[in-house]
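Before I ask anything, let me first share the structure, which is written out below as structure tokens.
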Amino acid sequence: MSGSTHDTAHPQQDHVHGAAAKPRPTIEELKARKARTRQRVVGDHETITVSMGPQHPSMHGVYQAVVDLDGEIVVRTRPGIGNLHRGVEKLAEHRTYHQFIPVTDRLDYLSSFAMNHGYCEAVETLMGVEVPARARYIRTIAHELCRLSNHILWLGVHIMDFGAQTFFLICFRDREYILDLFEMLCGARLTHSYCRIGGVSKDLPDEWAHRCLQVADFLPKRLAEYERLIKANRIFLKRAVGIGIFTADDCHAWRITGPTLRSAGVARDLRKDEPYAAYDEVDFEVAVEYNADVYDRFLVRMKEMRESCSIIRQCLENTPDGPYLADDAAHVLPLKKYVLRDAAAMVQDFVHVFKGPQVPKGEVYRAIEVPKGEMGVYIVSDGGPKPQRLHVATPSFYHGQAVPPLFEGEMIADVVGIFGSIDVVLGDTDR
Amino acid sequence: MGLKDIIKKAAFVEIIQGMSVTGAYFVGPKVTVEYPKEKISVWPRYRGLHALLSDPDTGRLNCCGCHLCATICPSQCIYIETSEGAVDGRKHIDTFDIDLARCIFCGFCEEVCPCAAIVMTPVYELATYDKGDFYLTKEKLLANQVNAHKELIKR
Amino acid sequence: MSDSAVQFFFLLIKAILWVAVGVGMVPFIIYFERKFAGFFQSRVGPTYAGPWGSLQSFGDMAKLLSKEDLTPDTADKPVFRLAPYILFVPGFLVMALVPFGALGKDIFGYQVDLVIADFDAGVIMFLALGSIAVYGIVFAGWASNNHWSLLGGLRQGAQMISYELSMGLALVGVILVSNSLNFSEIVRGQSGNFWHWYFIPQIVSFAIFFVASIAELNRAPFDLAEAEQELVAGHLTEYSGMRWGLFQFGEYVNMVVMSAVIATLFFGGYKAPFTFLEFVPGFMWLLAKVLFFIFMYMWIRWTLPRYRYNQLMDIGWKIFLPLAIANLAVTAIIVSVV
Amino acid sequence: MKAVFDALEGRFAGRLLGSDFFRGELTFTVAPEDFIEVATFCRDEPSLAFERLDCLVGNHFPGRRAAPFEVTAHLTSVSHTTRLRLKVTLAEGQKMPTATEVWPSANWDERETWEMYGIEFEGHPNLIRLLTTEDFKGFPLRKDFPLRGTVGGRIRTDLKGKI
């Protein structure tokens, strides 16, 4: 299904605007291109050192890249992180499984539902909780909305890195529609805390499905507008095509996942490869491009956004009725409406809050496809109500690490573009 | 590059296309909400400032002093002190303080509360000049119940 | 009153008026830039200061004046302080060359030239002054003693060198057609309806000149020296308060002047687009054209991303320079044959 | 999963210290000195092809006296969509060979594991603190490290020119 890629036939690429389908390069060609860039830094260089970040206006968050420049060419990069380190893993060891959910919001605060979801999937795997069908569909919808909002924000910031400031604001304008949906759904716009172990915390409100459908129908039009604005623009093409090449082998070696990996021609998408939630019940295509450069990462994300809209539409049509939280007294925090009426549920509530859920001994590693890449959650349980060890292998951590080979031999002006294209959020990096 | 492409490039086709988009925004409707003058209304589920509910008939606090909210709170921002000995056999809530500076508005307190006492209201204007204002006492929380959503009170 | 005394008196009035209009326009252009930036992004822009926020620039000015003026300890202080002035003085000097009405116009019975300096080598003067302005930015970049500023200054220097050339060569086409280096003469050559203006025979020149003027004005998509996303603020990184304000001011003055020059060279200057519209004073037409080009600059700035440094040089040397030379050759042949 | 189990059992029969299967996930325990060999085999053997190291984490079990530390590597095969967990247990002060030669992405993981647990990785190119400040004392993810408190974090002026 996935993996080896450069040999599988791929359908004629559907370019809405702009140039016709580009010829697909072989992996050797890509490597040669990358080698040409690296060639620039061979030998001795007289350099000046500048510090991009943590206060640089275009560094995404408090990332620091100390860059040695020969003229405008980057010779060496020394990345530095940790300015946003909050010790999430230590916190997890002192919180019950339920209490940790709001903390996961703060990992990647631009796609916090995805973080909730990844954590809950891992905990459910550990506990063996069966999630009801309705909850799985709601999770899928919310996750795709989250992906849309993340990618739209990414797009705005990324194009702004190239100097087009209008893009940033129009992307923010359209992200509002999705945030409004989230606000209606769970009461928060940014830190959702919507997922629960065994389902979701609230059912879809009235009218929500209708509004969500409207957004899913309306966003592709906006995407077409974005593409009219930027996709064929000669300046953007010049700035993006052939820049920041990272081949599939490099991506694996540096654990680069998500759209960046897919832009290198690897059809790896955990939604297909290790389906979770309702992804095995919806029909969607994995967006793949083959040039492994900044422009193809843009194309991959544009395609993904369209796919997300289609997934949302399918899920809204097929959402089954039924409970949205598993009926599992040992592991699930009961719903408020039952707590208020039912003595057993109230006891369950007290037990879960004061004692925590009953968890088997063991360890699980569960990875899901969050908007930025693959997020893995590793939980070691010693049978207590709190994890013995919890590690979140967030995509941005590894993306931030791969910066030196990505920047090598590129120009200082492209550094921001490349850094934007791999989509790093510092809350995700520093944890 | 064919002749067509060269002509397209020389005529700045794609740049004019892009400028037509911004040009359409120029004349089109604006999306700005001029915040202090006009305010957006939030959805009923909005997780804003907390409120403590009391019984509309008797005026008695709904809270039963079970400490569930204080225990589940991931940022440990709720402080409750209770004492026994009220006339009707219920615990008396001496203090019920929420430190907003610590609160992360996750809504867990509302979710676990077994007697529908603590709710979150759609009040979102929390900025203040004095840090002390972030420390909400029982009286302040009770006073905020007028902002609570009607359905929550009925429940 | 003797004629020369009257002419001197008029010269004073013209100089003061022209400068006053130019300078007086700048706060409003800055206001419109911000307002239009809002409109292009489907926002409303500034709304608070004055009606529709129109006094925003004056508020900014008050803020900038009251801010502390920092000079870095390691900066080359005299040069650091000098740099903003170098940027905007040439702009004012070019203003003197741009005619805003016919020569020898009859006002109160006196023959008055509606241009401050009817200078025969006006175009040369304009190019020379344009190249001086870049020193402001290069000095600022050097004197700040900051890596970002230095890179910005270097970029601006290189950019200016590569664009001055094609700009000058593009202008030669106009000079050939009009047979003069004098701005007033060039405008007179465009008499008649709008199809007599030089932007039609010299469309290639116009395109090159317009793009090069964006680069010369240091605006997006060629604002490489400032390049917020790459170089923090380029040559402006260490500037604060009103000294920074002077840079901004200089850039907008240059924008007014450059728009006036484009209008004069390619769009008939103070001439009306149709002869029957000539009852409207020439000054108004010039102003309208200037505003139109300023609007175009804004539209472009708020739409397009930025070029990379080496790509900009590529365009300057590999596309515009050959194109300008080809245009020059074609124009020369046509002019000599016809 | 079965294929992975068989391949590893076949190759390293005597040297695998143990295996575990829980919730569909396979875990092998290996000795620290064998870790690099097993990891390289997992990466290079075409039938396994674990191209990617998903994460490398440390763990601390104060209850286990002899070998309280544990380093766990999660391997992922993109082409076969399989996962494998390799586990190494270490005594206090025992060194672990670095995996940066096998997967470059192990670099920051190992730095993090070192700063959080004090597990030293032999041959690591740049084993310095990653997430905490340079003057941080102690290993914060060890179980005996308190949750609250202040360590380090003062603004450094003596590092000028060194970073």
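Going in written order, the chains are labelled A, B, C and D, and every chain counts its residues from 1.
In this section, a contact is a pair of C-beta atoms (placed from the backbone, for glycine too) under 8 Å apart; a residue touches a chain by one contact, two chains touch by 3 or more.
Please read all numbers here as calculations on a predicted model, not as lab measurements.
Both chain B and chain D are touched by A. For the pairs B-C and A-D, the larger set of C-beta contacts lies at A-D.
Averaging Cα atoms per chain gives one point for each, and the point farthest from that of chain C is the centre of D.
Each chain gets a centre from the mean of its Cα atoms; for chain B and chain C, those two points are 51 Å apart. In terms of their C-alpha centroids, the spacing between chain C and chain D amounts to 61 Å.
Once the centre of each chain is set as its mean CA position, chain A and chain B turn out to be 25 Å apart. Touching two or more other chains at once are residues 15, 18, 21-22, 25, 31 of chain B. Of all residues in chain C, those touching 2 or more other chains are 40-43, 302-304, listed in ascending order. Touching two or more other chains at once is no residue of chain D. By the contact rule set out at the top, the touching chain pairs are A-B, A-C, A-D, B-C. Taken in their complex, chain A has these residues touching chain B: 18, 95, 98-103, 105, 166, 170, 173, 176, 180, 183-188, 191, 193, 201-202, 205, 225, 228-230, 232-234, 333, 336, 339-340, 346, 349-350, 352-354. Against chain C, the residues of chain A that register as touching in their complex are 48-50, 56-58, 69, 72, 159-166, 169-170, 173, 229-230, 233, 235-236, 238-239, 411-416. By the touch criterion given at the top, residues 9, 14-15, 17-18, 20-22, 25, 31, 42-47, 66, 68, 71-72, 74-75, 104-108, 110-116, 120, 155 of chain B touch chain A in their complex. Listing the residues of chain D that touch chain A in their complex gives 22-23, 25, 27, 51-55, 57, 59-61, 72, 74, 76-81, 83, 85, 103-105, 107-108, 116, 129-133, 140-141, 143, 145, 147, 163. Contact residues of chain C toward chain A in the complex are 37, 40-43, 147-148, 150-151, 220-221, 223-224, 227-232, 302-311.
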